[in-house]
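Think of it as A, B, C and D in the order they're written, each chain with its own count starting at 1.
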Amino acid sequence: MLLLTPILLVPLSVALLCLLVPSRRVMAALGVLAFATTLGLGIALLHEVLARGVVREWSEFLSADALSAWMVLLISVVSLATSLYAGRYFERDMAAGVITMGRVREFFVLTPLFGTGMFLVVLANNLGVMWAAVEGTALSSVLLVALYNRRNSLEAAWKYVILGSLGLALALLGTVFVYAAACKSHPDSLPSFNWSYLMSVARQLDPLQLKLAFVFVFVGYGTKAGFAPMHTWLPDAHSEAPSPTSAMLSGVSLKIALYALLRFHILTTACLDGGPDAGFSGHLLLGFGLFSMLLAPSFILVQRNLKRMLAYSSLEHMGLICTGIALNSPLTIFGALLHMGYHALTKPVLFFAAGNIHQTFHSLEFRVIGPGVGKVLPVTVVLMGLAALSAVGLPPFGLFFSELTIISGGLAAHQITVSVVILVALLASFCGILQQLTRILLGARKPGDHPTDARRSDGVPAMTLLLGSLLLFSVWLPAPLLELMHQAAAIIGGKP
Amino acid sequence: MNLDPLNFLGQTLALLLLAPLLSGCIKNWKAKLQNRRGPRPWQVYFDIAKFLRKDMVISEHASWVFSFAPYVVFLTALLAGLMVPMINAPAPLRLFGGVLAVVGLLALGRFFLALGGLDPASAFGGMGSSREMTISAIAEPAMMLAIFTVAITAGSTDLSQIAQSTQSATWKLLNPAHVLAFAAMFVVLLAETGRIPVDNPATHLELTMIHEAMLLEYSGRYLAFMEWGASIKQLVLMTLLVNVFFPVGLAGPQASVAALGISLAAYLAKLLALSAVVVVVETTNAKMRLFRVPDLLSTAFVLAALALLSTFLFQ
Amino acid sequence: MLLTFALWAYVAGMAGALVLQRAERLANVLGFGLAALGGVCGVVFSVSSLAAGRAVTIAPVTLWSGPIPDVRLVVEADALSCFFVLIVSLVGLAISVFSLGYARTYYGRKNVGVLAAVFNALLLVTTLVFIAGNLWMFLIAWELMALLAYGMVSFEHEDREARQAGVLYFIMSHLDAACILLGFLMLAQAAGDFSFASLRGIGAKLSPQQRDAAFMLFVIGFGIKAGAVPLHIWLPVAHPVAPSNISALMSGVLIKTGIYGLVRVCFEFLGPPPMWWGASLLAAGTVSAVLGVLYALMEHDLKRLLAYHSIENIGIILMGIGAALMFLHTGHAVLASLALIAGLYHTINHAVFKALLFLGAGAVLHATHTRNMEEMGGLAKRMRWTSLFFLVGAVAISALPPLNGFVSEWLTYQSLLQGFGTTTSLVRLMFPLGGAMLALTGALAAACFVKAFGITFLAQPRSDHARNAHEASLPVLIGQGVLTAACVFLGLFPTAFLKLLDPLTQQLTGHQLSQQLTLANGLVLSDATAQGGTVSTLGITLMAVYLLPVPLALWAMFGRKARTRIAPTWDCGQRGLTPQMEYTATGFSKPLRMIFKALFRPRREVQREYDFSPYFATTLRFESHMEEVFQTRFYRPVNLWLLRLSRRLRALQAGSLQAYLIYVFITLVALLLFAS
Amino acid sequence: MHPPTTLEISSQVIPLMATLMLVVQLLLIAQRMLLTNIRLFAIQSLLLSGIAAVVAFNYNASHVYVVAVLTFIGKVVFLPWLLNRLVHRIQIHQDVEPLLNAPSSMLICAALTLLGYSVTRPFTSLEKLGNNTLAIALALLLTGFFLMINRRKALTQVLALLTVENGVMLAAVALTTYGMPLVVELGIFFDVMVAVMVLGILVYRIRENFDSMDTGKLDQLKG
């Protein structure tokens, strides 16, 4: 039976349906339904992949290996939580009159499209199609960022789209180079542009050309994945988008771009392996990963806006994941993949909580929110506190384990400076997040400053779902999932 | 535990009876040196007896600590005294503690003395205890260092042991380390017993008194115990000095009666000599300002450090 | 298994208190009751297994193995663990009893359920730290401990001070966790495994540079946790603001985890120590001791004062441990054991009397609603028992005979004195000088506690709060009573207690000393040498009792007819003494402040308003500030520098799209040039 | 097989047209009038589709014809029309003000072209069409990039982006034997169309909200 096709079609059809459906509730329900289905399909895919290795459909046009399956799961979970949260969220927005029904519809149409795009990225075998899909996600998310049509959101959207599409143009050039290299190795016929095929001929490709190609792809997809110094659009977009979108952008979208980059990384490594500049791509990843990790904390330390702070924390985590992959030992790659997962479960909670705070206090500026949020939104604050603890990598949450795995892997690879840098960066961002959150969450309200329209139970289902699964998977991972991740790590490590 | 009752009783009596006489002598000689007639040496006995007989006036603010303190002061001084060899080397309580215990017990006494000074809520008492604790605090390191010097060479903190090894041939009395330590210890003695130039036992002038300020609210038998304890403490420290740093003629264990007699004579002689020195120092010097005292004590500390260094050199 | 039972009791207490948090009385009783139960079990367990002299009491047990390869949680307990479990259980027991009464003050104000739950959780994770059997267990328990303590420090988060203190504390704890992690990972790389069992003696496999690096990391990490100067910066800030029972736990037990870690690492993992390890620890200990007590003297906030004394005592403990390491280097194992015993003995002593003092401070705080000593006074009459307990604690911490502080410091002195002979290098001068500094510390501590007790409990009340103070409730008194009893026991019967340390020294240095340390069948404590010094606190006490008849007899002889009259204090003919005329805490420590001017750099502001002559001021305002030199010279500058740097970097994100494009552009060009 | 003559011709023609594209690009950079910019872009795209056509003719690769046609329809006809419409819709005629003046931007572009050549030097391409065409493609991309930095108006930035796209397409057509697989080409094409529409929408909204298209005004989000 077909697996990959429905994963693409379900959200797509839901998106089209939402164009017609009259009521907001139904649209929300449809969204939940769609991603619940994809989640189920994802799990099915997991087993399929474990059974068959690689799942192909439409004559290899779509193919899924362990890595893709893992990403499919991440996308589904985050999107599911997002659509769970979005219903109540927009209900309040409409009640407050900050948004029209038309815009809400736009959201419920675009979000599944966004999802479809991401699914296509991870399922497409053809690198060109993958590029097109990434561009598609970018375009759909741009409109989502601009949803509130405020000055700030438009500014953010503009920066996002310009930097994004520019980066993607570069990525396209890189992709073309890769294809050119393929053509060069087989001048007679029109070679297939499938990743699987390219991998098979990787050794015959011209290393110099591939290096150049990787540079373009790296800058291109790196911009989308938010590596410093190409990250500049990230805090703007993540902070100005409606909170559900922020959650998706931060939770998966970045990782999708990273995924696209990884495909090329694997290819390049396979090609350059043993050559004069083997591990070229790895070095780039390492350098930029560490740079992002070091840059993020200083912005967190003097941050004034809640969601921007969260965005920078995402930058930090992307840097760490990148570093873990670049260290290129099975353990660190595994740790990085695990980190992706835990981060995907953590960050949305923080953004949802930020959304509640935003809707209650009508601002994200720390000084406006002021101390003592806990007195107004106890439940939100407790959940947010837990998520924050996870985000700064404290036990018993999984990020603690994945971070330590990466660090110790770094030491094992005799990269002691790398490990030290990672520790320092994590420590710094910890300080920042801790003191900023303590400042607003704890304490007593200023007299006479107690918002009346505080709704205590908003978004609790979504948040508890995520946090619960986070806690569960921190202490216990089902064997198939573990196996899947080990295989994915093997793929990245170039030992499929 | 080998506690020789005779020795114990003898030394207790000696401490109790000798202490007042000694301070009496010092008072008397001081007067003489200042061309006054001065009180008779045994006047102090009468004073104590008088205090014991008198009614007591206790401050309304004072708590139980106030009444507790005199006994502690008196007993700690006495106990400390029993650990120092006076006439024959194994002091009665040698097993129960050496020099560290002596210092500790005196410190305990001082602790409660200071509390007793604070208790009646009078400004003088507070001032007195504040200064007392300050001075003792900066005197302590010098004292310890001086004691370490001899303790290290003797390889023990047991005073009798130190005294004996000091006597024995292996040890030259004029070892520079020894002399320096002695000097340091002497300065500490002046500070600890509240003598000019650190404190003036004869004055009740508010701003200069230290020890007396703490006793200001005491009367009757409490005052008696306080005074007596103070004089015992003085005796103990002097004995420490003469017998540990200069153990000439000190009788060893199981000494014959004659030996004991000689030892007693030697002890008294040394004691009187030392008191004479103290008297001379007191009359020839003026009292220092409180914030000059640290200079004096730091000199003592430096002397002790030098002593230590020289043991290090000469070993 | 008693220990398991204790742990489950903590878990149950935590869960129960959380569940019942609506019914606060029930939560209080259940939570702290179960904590006390767990404490009892812990004490019995550790004492029994130490008395039995078992080296290994719990063989490694794997509790949980995680998704990631070789991430698992292992617990094991040897003699060292047991000793520290004893500390945490004993102190925890007393504090839980105390809290039964103390938590009532929070009824209706704060969530008592959470308080009780976190208290139990703290006891749980602290115990786990001590019985951790591998790196992961240790780190997780360690981090959770920091997290929970953070929650407790900012428990009364309504006031800003508490929030900031919490942040500072958590940041420092995280820093030490990072150092420790790195150190452990360095060892684990050599061992190829994370279990403590495989780390034993692993230092031998490392190069000297690596060992030194690891040692430095551990010293910084555990030093922060223990609050050794100059890493102590968080301690006097964090401990006072927590609820008093938590302060007691933090100061009594939590900082000991640092000591535990140091001992564990230095004596078991890092292998034979070079001289400078011990020497540096000894030096650090001396500095901490002296500076800690000096800063304590300047405090008139009762709990801050106690917090600074924790720094001092940690210093004394470190002196013992450092000396032990030096002796290990010079190959005097027996002497090393003596020094180690001194250090560990002082560890438990400090745990006991510091907890006692904090509990007393808590009772006073509850009675007077202030931590400022200048507003107390006269409490000895109003809180007789509390004052008695506090006095015992004060005497003990001032290292005065016959209580436990004296005993452990006596042992420290002895080991230092004998240390002089162990080597001929100039280093040996450190021992007597350290001893002298120890003496200075002791004397200053005595001064400090004369002030603390005298100003707080004696003389006239200085405020209405103090005037209306009342004795604390029964559980509060019992809690303090338990610790007082412990102080007395540890003080009077050291030889009995030393037997418990035998398996410990056997494990760490391979020697058992309690026999050699005991004379006259247990009455007398000796220093394990033939001619060396001896002391018997019990004997001294007995002698005091023998001699008590002397003054009594004199009284009987002369003063039979003497009567006692209560009268006002002599007021120089003024009309009545007012509290304003009493000596203040600030005034009491003034002489020392002047003597150590160079260190304290006090700043004073005097404002006087007068009508015709400055000598007849109408109003007088006096202010005196003091800041720690480390704060002003190191921590603040670094902090400011970081913030400035961050603000600079902030300019990168100035909002101009052109600038952003240029970043990408430059990156691209640079990479192109780099690639081709 | 193809008659050699055509091959020779085309091997002359293609670099020529590519160079012309670069020239147009330089004109774009120097040129200040918005509407003229749009026309120039149209011309550049025309050249691009021309190149595609020539390549297709050479190898009579049918799907490259498709590319040529699509490029013509999309970039020569549709987009310029769309942009013109947008320009009229939100009446802006005043000329665009670059950050750097024309001469210095020229110099920079020259440098960038050099960079393009130097980077592409190492690998001589598959066959006679490719080599310096690739260099030109790279130059187009970099100069387009620079153009984007150098312009403030939202619309001109869109134009610059499109020229970058052109550069990429040139590479795609010239570098690979028969262009990219059709599906990819289609995907790219539609993406570009959609992108331009999205950009148009945003430009429109920005115009509404800020009463200007000066992206210099979009600097509220800091830190």
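Everything below uses one rule, namely that a contact is a pair of C-beta atoms (placed from the backbone, for glycine too) under 8 Å apart; a residue touches a chain by one contact, two chains touch by 3 or more.
This is a predicted model, so every value here is computed, not measured.
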Components of the contact graph without chain C come out as A, D | B
List the centre-to-centre spacing of chain B and chain D in whole Å, with centres computed as mean CA coordinates. 101
Mean-CA-position distance for chain D and chain A (Å): 31
Take the average of all CA coordinates in chain A, do the same for chain C, and state the distance between these two points in whole angstrom. 45
Just how far, in Å, is the C-alpha centre of chain B from the one of chain A? 79
Hey, what residues on chain A touch two or more of the other chains? 158-159, 162, 166, 170, 208, 212, 235, 299, 302
Show the residues in chain B shared as contacts by 2 or more other chains, in ascending order. none
Among the residues of chain C, which ones contact at least 2 other chains? 650, 653, 657, 661, 668, 672, 675-676
Which pairs of chains touch each other? A-C, A-D, B-C, C-D
Please name which positions on chain C make contact with chain D in the complex. 650, 653-658, 661-662, 665, 668-669, 672-673, 675-676
Given the complex with chain B, which residues does chain C contribute to the contact? 377-378, 380-381, 384, 387, 391, 395, 398-401, 406, 410, 413-414, 417, 420-421, 426, 428-429, 432-433, 435-440, 442-444, 446-447, 449-451, 453-455, 457-460, 519-520, 523-524, 527, 529, 531-536, 539-540, 543-544, 547-548, 550-551, 554-555, 557-559, 561-571, 577, 579, 581-583, 587-592, 594-595
Okay, in this complex, where on chain A does chain D touch? 126, 128-129, 131-132, 135-136, 139, 142-143, 146, 149-152, 154-159, 161-162, 165-166, 169-170, 172-173, 176-177, 179-180, 183-184, 187, 190, 192-193, 206, 208-209, 212, 235-236, 239-240, 299, 302-305, 308
Could you list, by residue number, the parts of chain D that touch chain C in their complex? 99, 115, 118-119, 121-122, 142, 145-146, 148-149, 152, 157, 215-216, 218-223
Residues of chain C that touch chain A when the two form their complex: 64, 66-69, 71, 136, 139-140, 143-144, 147, 154, 157-158, 160, 163, 166-167, 170-171, 174-175, 178, 181-182, 185-186, 188-189, 642-643, 645-647, 649-650, 652-653, 657, 659-661, 663-664, 667-668, 671-672, 674-676
